[in-house]
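Chains here go by letter, A, B, C and D, matching the order in which they are written, and residues are numbered from 1 within each.
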Amino acid sequence: YFDLKKYVIAPYDRRYRLWQTFLVVLVVYSAWASPFELAFREMSIGSMLIADLVVDAFFAFDIILTFFVAYLDKSTYFLVDDHKKIAIRYVKHLFFPMDLASTLPFQQIYQLIAGKSHDRGEVFGFLNMLRLWRLRRVSELFSRLEKDIRVSYSVTRVCKLLCVTLFAVHFTGCVYFWLAFHHKSPGNTWIGKQVEDFKHRSVGSGYTYSMYWSIVTLTTVGYGDLHAENTTEKVFNIFYMLFNIGLTAYIIGNMTNLVVHSSVRTFAMRDAFNKILQYASKNGLPEGLKDQMLAHTQLKFKTAELQQEEVLQDLPKAIRAGIAQHLFHNVVEKTNLFKGVSDDFISQMVSDMKAEYYPSKVDIILQNEMPAYFYILVSGSVDVLILKNGSEQFLFKLDPGSMVGEIGVMFNIPQPYTVRSRRLSQLIRIDHHHFKQLVKPFNEDGKAIITNFTQF
Amino acid sequence: YFDLKKYVIAPYDRRYRLWQTFLVVLVVYSAWASPFELAFREMSIGSMLIADLVVDAFFAFDIILTFFVAYLDKSTYFLVDDHKKIAIRYVKHLFFPMDLASTLPFQQIYQLIAGKSHDRGEVFGFLNMLRLWRLRRVSELFSRLEKDIRVSYSVTRVCKLLCVTLFAVHFTGCVYFWLAFHHKSPGNTWIGKQVEDFKHRSVGSGYTYSMYWSIVTLTTVGYGDLHAENTTEKVFNIFYMLFNIGLTAYIIGNMTNLVVHSSVRTFAMRDAFNKILQYASKNGLPEGLKDQMLAHTQLKFKTAELQQEEVLQDLPKAIRAGIAQHLFHNVVEKTNLFKGVSDDFISQMVSDMKAEYYPSKVDIILQNEMPAYFYILVSGSVDVLILKNGSEQFLFKLDPGSMVGEIGVMFNIPQPYTVRSRRLSQLIRIDHHHFKQLVKPFNEDGKAIITNFTQF
Amino acid sequence: YFDLKKYVIAPYDRRYRLWQTFLVVLVVYSAWASPFELAFREMSIGSMLIADLVVDAFFAFDIILTFFVAYLDKSTYFLVDDHKKIAIRYVKHLFFPMDLASTLPFQQIYQLIAGKSHDRGEVFGFLNMLRLWRLRRVSELFSRLEKDIRVSYSVTRVCKLLCVTLFAVHFTGCVYFWLAFHHKSPGNTWIGKQVEDFKHRSVGSGYTYSMYWSIVTLTTVGYGDLHAENTTEKVFNIFYMLFNIGLTAYIIGNMTNLVVHSSVRTFAMRDAFNKILQYASKNGLPEGLKDQMLAHTQLKFKTAELQQEEVLQDLPKAIRAGIAQHLFHNVVEKTNLFKGVSDDFISQMVSDMKAEYYPSKVDIILQNEMPAYFYILVSGSVDVLILKNGSEQFLFKLDPGSMVGEIGVMFNIPQPYTVRSRRLSQLIRIDHHHFKQLVKPFNEDGKAIITNFTQF
Amino acid sequence: YFDLKKYVIAPYDRRYRLWQTFLVVLVVYSAWASPFELAFREMSIGSMLIADLVVDAFFAFDIILTFFVAYLDKSTYFLVDDHKKIAIRYVKHLFFPMDLASTLPFQQIYQLIAGKSHDRGEVFGFLNMLRLWRLRRVSELFSRLEKDIRVSYSVTRVCKLLCVTLFAVHFTGCVYFWLAFHHKSPGNTWIGKQVEDFKHRSVGSGYTYSMYWSIVTLTTVGYGDLHAENTTEKVFNIFYMLFNIGLTAYIIGNMTNLVVHSSVRTFAMRDAFNKILQYASKNGLPEGLKDQMLAHTQLKFKTAELQQEEVLQDLPKAIRAGIAQHLFHNVVEKTNLFKGVSDDFISQMVSDMKAEYYPSKVDIILQNEMPAYFYILVSGSVDVLILKNGSEQFLFKLDPGSMVGEIGVMFNIPQPYTVRSRRLSQLIRIDHHHFKQLVKPFNEDGKAIITNFTQF
């Protein structure tokens, strides 16, 4: 997008984005591994150590990389690509020390310094928890996805909640197992009461028990086959349950939000229909009128007419004009009335145009009404009818590109015909007065239009 | 509705709709039977086989039928009745292979080919699960009902949630029973711990246990009399509980949505009243005024006046005019002032009319106010009063069809009378200026009106 | 309210209302007693029979009374007091037979006919359940209270939910006890497992157990000390739990609705403030301006200005004029400019007036601005300042009843002074053009005003 | 703020506020200590007595202090500093007797009067519960914080819910322990069943058990390891569970409210984008137009343009003018066209100005459109282009302080150039007609502008 200094990457760079997404995958591993290693460290869990070191290496690389990534200044909206400024911003922030602390392999460093000694294993297990700091990347990813219209908001939100829930279940399960493992009397623990030799069972079995207990508590099922036995477990359990109230409420709140938002359109449609039915029954309107009202409203929701108007309203004039040119210029140019008229005039006239949909069998113009508008038929077809001696007579049918109502407007007489849509039709409505004002400065074009009108 | 090719059915055809609804009933059976047969297959469940085959036959027929049903093109809104196009669309889609797979009686086919051999029963139990694909029909039915104004949205939604819940309970119960039945040590299963000989008990008893456990878990009651014993059950239970969080949140979200929507009107009414009470107390208004304000607002909510205006606003001019003709043409025609006036003029005038409700004892016109409107009484009755020497004197009472305020308007003098509603009255309000402009092009009618006015 | 036939009571009659409320109290007794008697019938519960008969007598009297209560015709909004019509409407309805069936003391009638025989006790226990039909009265009471602005909506709603919950708990508890009592092997029931001789314990103990089990299940606590033992109990429990999902969701939905509604105002206020802070910081506005903006907005929320305007907007012109007269007539009359002016003119002018609040230290008029409005001070006080040689000089202070800005308006010159509020002040703003137009028809008054203006 | 009588403190006094906040801390202690002392009184809990007396002393001092604190009259908005009135208001209120009752150390007074006698310990334990009256201060603090924009609403609300939950858990836990402690057969209590000698265990252990049971019930986990044993416990438990339904629903309701409110902005943005995408695809707009539409909308959300307009709309004219002066006076003064123009005129003109943001590459003026506005560039830069022989030619670039479109406006000819934004630019738009009307009364300035225009 912009010219950046050499060796400086834009934060929007596609490859950098991919790298970041890759890191999120590693974060998921870290988030899973850190509590797991703490809990099952002493139960021969195989060499996850190498995987950990590789993951750490990736994050170490990202720390270095960050010094070469430009950032967006919040007040000026400019990308800052000055190495010094980038470095100062990163180091000053809380991010740098935390990133560093969550990446350094403390245990290995300690072993290098102090020689082989596994005694402090517990301490490093806790230090590994610092890697959970990396979870902020997941949180950032989700908040970016929530603003990305290519991704469904509901899906993003549900995924986020699922991740939070799974992490809470996993983390607490691991801590709970750790508590049992390090209790002085294994028989007096939640798991020891059921499985006396749990320390010598497989990791898989222990992990299943932990997860099972954790989720049974989180969902408040609470079968009771596993429950806190000693005081430490009770205290821990109390805090977990307190947290769960909040989490459950948060999940329900989010779900409610999604449900409410997803049903807004349905409610709007149903309410509109109900109002019409109520109105019709209250005023004793005949079936024909009621059906016309319903058909019209149904069409409006199908074509999202209201939304279209909103979209246009909020746009600046220039864009709006551009859209109108694109949509109506060709149609207008080809109508008989505007043949040979200058491009300038048509552009001018077209800029304000809006198309309306009419369902089938709807009166667009009523015979004898005062002429206020004339119409250009964009799609569909309309019938022209005349009321003679009290009965309607069909005169002719019009196809796209025709105009209706222009006779009344030009001669300023009551509309001589009734115009009724044959099937779903789209028409451009042109205001009488507005049109006259528009023609004024274009003398030549005005004459051309009148000539066209008389010939036609 | 439309002319379709021979042997092609419209998707809106009443009989086709009925057929579809009938199929949904069969789907309900399939959804219940598939998991049930899987779980209780080895416990002599009688010959559900025949029922299954009959149901399959119906669905096989529907597959064939689908090749003869026209479809609606999403972009042109036209019904496509070309056999080739219908076939291509259906076969290309995921629907056709899935429909087929969920209909073929694999077990019977296998037996035909391989001869009698019941060894692979388990496999066919799982293949039968493909029939659950048919559930999409239920989902489609519900999404159609949600848009159907003849059916209550709340009822539809609650039914849908109930169906989802029941299916979840049934499905999980069956799977859980299957897990227990196929575990190597029956005593170490959730049901075996309580009922050692569960394999030899009745199907009904087993099914009750399964459903009971399933719903105790879903509702998070978790008595604990039945709970996961072995690792497989624990893992399955974990996923079920995770799913339940989502389902519960979804149910609550939907219920909240319905409750919120159903109370919108009540809140609107209460808020309106509260605002009036607050306003009246803050400004120290006398009781009389406060009561008038309350009565007016109450009436507005009763007659849904605001809603009526909304309904009209969104309709195209032609329909609006049609409604006004229906409601007011007769009333206006019969008033003294418009006797003998041309039908055209009345139609013209009536098109823009709107009726307003006034509660009893409300001043419609105040003596000495500048004349801006005159009124035609549609229903109810009004009193005409005059203020003389500081006290109000009753002049006369007017009944439907009368006009009020026209003297002030015609002579352009301050209104000579106060007009007050006697009881709930409906009046048409006609704008002074608008009326004058309307009369202009109708010379004859203008004269007739003046004649009427002077005579009357 | 209206003249009714003799021996016909209006449904709005105060005494009839009291009677209805008294009946609701009896309904509460019935709702409690019917399931209770069914469950504990065989455990010497003392003679509730007499109480039941007395209650039945009251309801029997109400059935008779209903034939003498007028009803409101839904379409004409008239009270119908014709005996025949009232009777037909009541008898045709479902209400009459149900009312009758829920009132007849079947057991006593049966005993009268068939002689003493207690064998069919169970049947009559179920027949007594018909009395629960009376609960419709409670439901009607709540739906009336929800629309009554004298009663808090939240309180009504919470009470309703509490009633529903308590009834569900009580009813299910009783049914559950009945199931245990009538099971063939008392030891194999939910209560028998814990209390073997439960049939010979006190009614209070049995009732406590029932209620305890019922609510432990409803709230999904599910300790597990009591749980379904036999199949019948399991099946019943399944349905109760299904019902509980719905009830819980309904309770949460209602609570959410109340919480959301109660916080609307707070959110509106906080959002308004936040927007101002954001705007000020984004545009780098000086502190002084920011504080003025905040003070103004705070005031607006305190005085509920926006709400006041809404209230007025929705009222018909006549009421609005009445309010304005009440609020401003006295103030305007006493200002110097309008001394000796006719009452008609003042009434006319006052009808459109609106008062605005200004916080302290806010500029109402800026020196040199084009005169568009002048103001009458209703309450508070304002300073008049002049800007000379770049510094503001204090000229004088004005008290309620004074006018400001009228000089600029009369001579049509830029405002010669700055006017600033001293403390919270209320001013009437009068539009320049509107005022001129108003004066036109009142020649005498116009002259008086000009005389006043020159003198003053 | 105001001059108060000697020895009278304003309620807004900073030091008084601090004192109040300090009292809230003491309230938290009281709320914790009162139920705790009741439950564990007989289990040597050390001398909390002294802490209690000290806290009581502080509250006693506050009672005295309250007689010296002015209060705000609700109707006049004035501070009342009259000692007599303050005293009457406080004593009349419920507050004074309750404050007094919750502060008097009844036990110590009784001991002074009746001599040493610890027999009535229980009674004083209950009397101590009166101290919970002090909780109203916490409630007041929260309702003040909810209106304070310096504090996050979500945080306040979550804290409040946490406090309520913790208090409920603590209070019920203590009462439950009290029930067990005073039951006649300790073995038949919820805790005695598990820990027979619970009366002789440590206070910590007993408290943990109580809290654990309490929260297991509140969250409806209900493991079942602890549950009600005797009737008293069952009855108490029933009421606690009933209360919990309400509390849980309230927590969920609040969380939902916060979630819904926090996502309003995101939904608004996503909906706007979706509407544009839908509109573009439905009308087959080219990519270029679609991107312009998206860029514009994104910008609008970034700059919160809509919000800014809302903020301004709701402010009184004088403040609005002040803001406009601050933002635009300098810019306008420096443009060529307004050099040497009087300060009055510029002030006048500036008061109504509003700035608009344009994203990069957007047409601000289209060649040949009728001149309705001219623009002053505040920030960013724009290109001036001309369409010759069907291709656009770049003429020149304009920097902040320049004007565009003024030629068309001055000569009233179609705009001779297209003006397109180069990058994010802010422009002031000035309406053609409005400007002309503004110039009228300023003859000198009008001439100066024309001179500037011709020179420039």
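Quick note on the criterion: contacts are C-beta pairs under 8 Å (C-beta built on N, C-alpha and C of every residue); 3 or more make two chains touch, one makes a residue touch a chain.
The shown structure was predicted, so the numbers you read here are calculated from the model rather than taken from an experiment.
Peer 1: Indicate whether more than half of the residue numbers at the subunit A-subunit D interface occur in both copies; give same if so and different if not.
Peer 2: At the contact between subunit A and subunit D, which are copies of one sequence, the residues are largely different (under half shared).
Peer 1: Find the chain most remote from subunit B, comparing centres computed as mean CA coordinates.
Peer 2: Looking at centroid distances, D is the chain farthest away.
Peer 1: Determine the centre-to-centre distance between subunit A and subunit C, using the mean Cα coordinates as centres, and give it in whole Å.
Peer 2: Chain centres of subunit A and subunit C, defined by C-alpha means, are spaced 37 Å apart.
Peer 1: Distance between subunit B and subunit C based on Cα centroids, please, to the nearest Å.
Peer 2: That gives a centre separation of 26 Å.
Peer 1: For subunit B, write out the residues touching at least two other chains, lowest number first.
Peer 2: In subunit B, residues 220-224, 248, 252, 254, 256-257, 260 touch at least two other chains, as defined above.
Peer 1: In their shared complex, at which residues does subunit D touch subunit A?
Peer 2: Per the stated touch rule, the residues are 158, 162, 165-166, 204-205, 208-209, 211-212, 215-216, 218-225, 248, 251-252, 254-260, 263, 266-267, 269-270, 272-279, 282-283, 285-286, 289, 292-293, 296-297, 300, 356, 358, 362-366, 368-370, 414, 424.
Peer 1: In the complex of these two chains, what residues of subunit C are touching subunit B?
Peer 2: Where subunit C meets subunit B, its residues are 77, 146-147, 149, 153, 217, 220-224, 227-228, 231, 234-235, 237-238, 241-242, 244-246, 248-250, 252-254, 256-257, 260-261, 303-304, 307-308, 310-311, 314-316, 318-319, 321-323, 326-327, 344, 347-348, 351, 441.
Peer 1: Can you list the residues on subunit A that touch subunit C in the complex?
Peer 2: Interface residues on subunit A, with respect to subunit C: 220-224, 252, 256.
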